[in-house]
Amino acid sequence: MLPYLTRRAVHSVVALLGLVVAVFFLARLTGDPTDLFLPLDASREERAEFAHKHGYDRPATEQFVHFVGDVMEGNLGFSLRKQRPAMELVLEAYPTTLKLAAVTLLLGISLAVAVGALAAYRPGGLFDRVGSTGSLIGASAPDFWVAITAILLFSVSLGWLPTSGTGGFLYWIMPVTVLALRPFGLLVQVVRGAMLDALASAYVKTARAKGVGESSVIYVHALRNACLPVVTVAGDIAVGMVNGAVIVETVFGWPGVGKLMIDAVIQRDFAVVQASIMVTAAAIFLMNILIDLLYVALDPRIRHQ
Amino acid sequence: MFRDRVRQLGITTMGVAALTALMLIAPGASYAQKTITVVLPEEPDSLDNCNSGRSNVGRVLRQNVNETLIELDPNDSSLKPRLATSWKQLNDTTWRFNLRKGVKYSDGKPLTPEAIISSVDKALNPKLDCNTRTKTFSGFKIRVVKVDAQTIDIVTPTPDPILPVRLTQMTIGAANEPIQIMNNSVGTGPYMIEHYKANSEVVLKRNPHFWGKKPQLDGARYVWRTESAVGAAMVKVGEAHIATNISHEDAKDQKTDFAYPNSETNYLRIESLVPPLNDKRVRQALNHAVDLNGLHGAIIPKQAMIATQMVIPRIAGHNHALDKRRFEYSPAKAKKLLADAKAAGVKVDTPIDLICRINQWENTTETCEAIMAMYKNVGLNIKLKMLEVSQWVQLNAHPNKGALTPEADANIKGRGPILLGHMHDNNVGDPVFSMYNKYGCKSQTSSHCMPELDKKIAAATETPAGPKRVKLWEETMAMVHENALDVFMFHMVGFARVSPKINFKPTAATNSEVLLEQITFK
Amino acid sequence: MSAPANNATSAATIAAAIADTRAIAAQAEMVTVRKGLPWWRLLARDPLALCAAVWLVLMLLCMLAGPEWLGKAATDINLRARNLPPGSTEKGWIMFLGSDALGRSMLARLVVASRNTLTVAFTAVVVAMLLGGVLGLIAGYIGRGVGNLIMRLSDVVQSFPSLLLAVVVLYMLEPRVANLIIVLAVTRIPSYLRVTRAQVLEIRERGFVDAARAMGGSSTHILWRHVVPIVAPTLLTILTVDFAIVMLAESGLSFLGIGIQPPEITWGLMVAQGRNYLTQAWWLAFFPGLAIMITTLSANLLSNWLRLVTDPVQRWRLEAPKTAVKTNA
């Protein structure tokens, strides 16, 4: 196990470095921030001066050498917009993203497993129809539409929930629900499919024949064997979430790394793009390692080379 | 219908809503009673007075935390004393300002000439990219000289007859600030920054040392919501008191929603040096073909005003006579002009790109789609492209000026004639901030070059404030109109939702500042 | 899990047994039942799946002929008829779903937009599934160097913000449909890749794969005959949901000014444009959203149905009368 982990860690670091280099050069293909940052009517001289001061007038390779030098000194660059260390901005925003992702995943996955498993128990039955159709509707609805309609309904008309912002339990309800809709919908489908296979398999029949109770059949025997695709897809969703959730972040005023990154890409704030990718990519790589380890834990026959 | 049902529910539960909101939510409840919550469309980039020209910073800081020497009245563009009580011009390049007595910063230190010198030096320091420098004092480094404890002189590098107007854009910070962008600006205004929580809120509280009349509000809390519907909802349910910059579509409640002229003017920038747009008849046809009345009140809010020139009516130099001589909407006239041009050998069938920028003003896409249809209707070969901001700013900064385009400019290679959807914001109060940039032969962002117009602009720029200057500016406006250099559309409006619990009237300045001292509880 | 072959035989026996009992009751149908009902009969028995199929055929027709049929109505601007609510009849059936902010028929725009929307979504999702699936098979079955390389590359793609990719591609190239497909497909590949690989890792340890290997089956043969059939249903499930995700991702890009822009139309673009009118003209964003939703649902229902039909273990659920389903479940 340890040699595997070491090798995996080394590979991941190499891939991460490759990613940072790729992002550095690709970001610079998307245009020069000078025109975006300066007032619309800035003069030619002023544009030239600004570009020179920030090095945008030099070839990308030269800028890269400069960047590497800075990184060696522990300087990951300054945000052009905010004039603050880019990494500081990312680390300020990241806890929000992680909190939101953790709660949403926990809720989304457990609910999806329960609903998906029950739906598979009687395919074509009422619960299956309602459960899987309902979850799909949630998954395919435009999230900003759901978010704003929810605010208009639950905050403005009914007055049950605060519109937006951070705070106690009530503040979490709408953002988490909206964010969970899509993962929930996808997972219900996957759980249902995997369970259909598992329920038809020989060992479930054996379990039934042995007189094991139905709920035990579903949630222990079948689910255990259905969990591989479920874990993979759930992992995939989790990876997507540590990348941020722009719509929920912007609509509900929970600015996390998703909004930070989008703004940075739009504004060509390269340092922030790089810093946020370094952080989110590290999280994603770590998560993928954990998921792969989870496979082995769930099914000891799986070996990792 | 869904909307009706929502509204019905809304009426029946309004009482409950207000009560629950107060009990469970109202974050304002933890603050002093006379505190308001303001919803802004975006988070301030920083809280440094040298960036107060950026609207997201200015809305929090300007005149609330950091004051200017001279204040611009948003209603008539007149100048009012603020930190300077009076001023006069000594010679072409020197102005003398008498400072207000007894002014103290929120940390108790007095406002001195030295502090002003230090603050101005920071704002204009080329090491920083302060907005004050890049926007208002670009290539124009003023020098502040102490005369005595209550008097300063400001020396300009070249004669500047409107220095006082320029100074309305420069907020004054504390002495010896570090040469970096900060998030804790200290100033002399009625309020001071209590705390700033990134990604969450800015809270201002009363400045105990404020020199002026004690304002009613104890403080203010600023939060930001990108989605206009959410900001509007927050005021509606009582979570906030003011939501600035809500959309026209969300501002349908006559009791709480106010339209205010926001000093922005949208227009299509014509590349008047590129064929076939270098033909006056074609440009006139472009103007006659657009049905502004049709857009007005439909896609563009009815409170907006149809524009005939670059600057808004309250700016001295706006040519009011032109507003009565608009290009009338007449496809027939447009077709005739195009036919005449064609007969004279102008290639009117050349493909022309109509390029607009996503969300530049509300309903940009709809506006540009409609205009495209109108141009097609008169037989122009027009193609619409909607661009994101980064691509658009490059087109803006590199107009095709035909033979006058600098050799080095590779940006315009292979480009056909372009009509660039544009919006100009002159909230400063003098046409000089518009006319040179938009029409000067040597301006980076001007797509035009008319030597007579160039001369007229130069003459107006050098003329001291007064009727003569106003008249010269009016003549430049008329010249632009006569030559149909651009297609002007609307002087736009913004919308704000204001809680019925407070007195606040949005003004033309609300985009760039929200004066807390003028807000009172009912 | 034992070899599926066993499952298949036992299930076939059950199915045949049920068919036999049915056959006694309905002599006339005996022959068809024994051979299995033809697919359209099976479809007709599942009303939801039937609706789904009808909708998808309808969409296919819109896609093929929509722009030619209603192209003019979709672009004709009429500022006097702007934001007509749904159900408006004074301007004719074309305004049945209301009109947009420029007075263009919503119905016509939805129909015309189906071509771009479905081309983009279908191609992107299928390309992502095929590429992701094949790479996942390789990574899972071969493992070692190549597999590791593929997985780390997939990590990189997964970590690369899709918006940045979109800006890069659509900034360098034109925001054309083909380029948009590339962007959307690339960002979806890692999901399929990881799911496929995870299942292959498990399947290749099963007895029947070992047996096939021992009998000298080539890798491609084993993958194609034994592994793919087990992985495919999960991929198909994800694919149908991805339909919606891709259409909405495209909407997000349009909203930010990247991606497809007017005068082109997609459902995603319509949703993005309707965003400003949520409180005043809800139908602007609602109907394109509904179209996305129904299409996704239909794809999903039909794929679930297909799964039942093609799965010998489950097929009896469709063929047997309702009472049999209940007793056997």
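In order of appearance the chains are A, B and C, and numbering begins at 1 in each one.
Simple rule for what comes next: a residue touches a chain if its C-beta (ideal position, glycine included) is under 8 Å from a C-beta of that chain, and two chains touch if they have at least 3 such contacts.
Everything numeric in this text was worked out from a predicted model, so none of it was measured.
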Original post:
Which chain's mean C-alpha position is nearest the mean C-alpha position of the whole protein set?
Top reply: A
Subject >> Relative to chain A, chain with the most remote C-alpha centre >> reply: B
Original post:
In terms of C-beta pairs in contact, which of A-C and B-C ranks higher?
Top reply: A-C
**OP:** Please work out the Cα centroid separation of chain A and chain B, and write it as a whole number of Å.
**Re:** 37
Original post:
Between chain A and chain C, what is the separation of their C-alpha centroids in Å?
Top reply: 22
Original post:
Counting in whole Å, what is the centre-to-centre distance of chain B and chain C, each centre being its mean C-alpha position?
Top reply: 47
Original post:
Which parts of chain C, given as residue numbers and ranges, touch two or more other chains?
Top reply: 167, 171, 256, 278-279
**OP:** Can you tell me which residues of chain A touch two or more of the remaining chains?
**Re:** 30-31, 144, 148, 152, 266
**OP:** Name the residues of chain B that each touch 2 or more other chains.
**Re:** 229, 388-391
Subject >> In the complex with chain C, residue positions of chain B that touch it >> reply: 1-3, 228-229, 247, 249-250, 252, 291, 294-295, 298-299, 357-359, 362-363, 365-366, 368-370, 372-373, 384-391
Subject >> Residues on chain C engaged by chain A in the complex (per definition of touch) >> reply: 1-2, 6-7, 11, 46, 48, 143-144, 147-148, 151-153, 155-156, 158-161, 163-165, 167-168, 171-172, 190-191, 194-195, 198-199, 201-202, 205, 230, 233-234, 237-238, 240-241, 243-245, 248, 251-252, 256, 271, 275, 278-279, 285-286, 289, 292-293, 296-297, 300-301, 304, 307-308, 313-314, 317, 325, 329
Subject >> Parts of chain A lying in touch with chain C, wherever the complex brings them together >> reply: 11-12, 14-16, 18-19, 22-23, 26-27, 29-31, 121-125, 129, 132-133, 136-137, 139-145, 148-149, 152, 182, 185-186, 189-190, 192-194, 196-197, 200-203, 225, 228-229, 231-233, 235-236, 239, 243, 246-247, 261-262, 265-266, 273, 277, 280-281, 284-285, 288, 291, 295, 299, 301-303, 305
Subject >> chain B-touching residues of chain C, taken from the complex the two chains share >> reply: 75, 77, 79, 82, 85, 101-102, 167, 171, 256-258, 261-263, 273, 276-282
Subject >> List of chain B residues in touch with chain A within their complex >> reply: 6-7, 9-10, 13-14, 16-21, 24-25, 27, 43, 45-46, 48, 126, 128-129, 131, 134-135, 138-139, 180-181, 183, 198-200, 223-227, 229-230, 233-234, 236-237, 239, 388-391, 393-394, 396-397, 437-438, 443-445
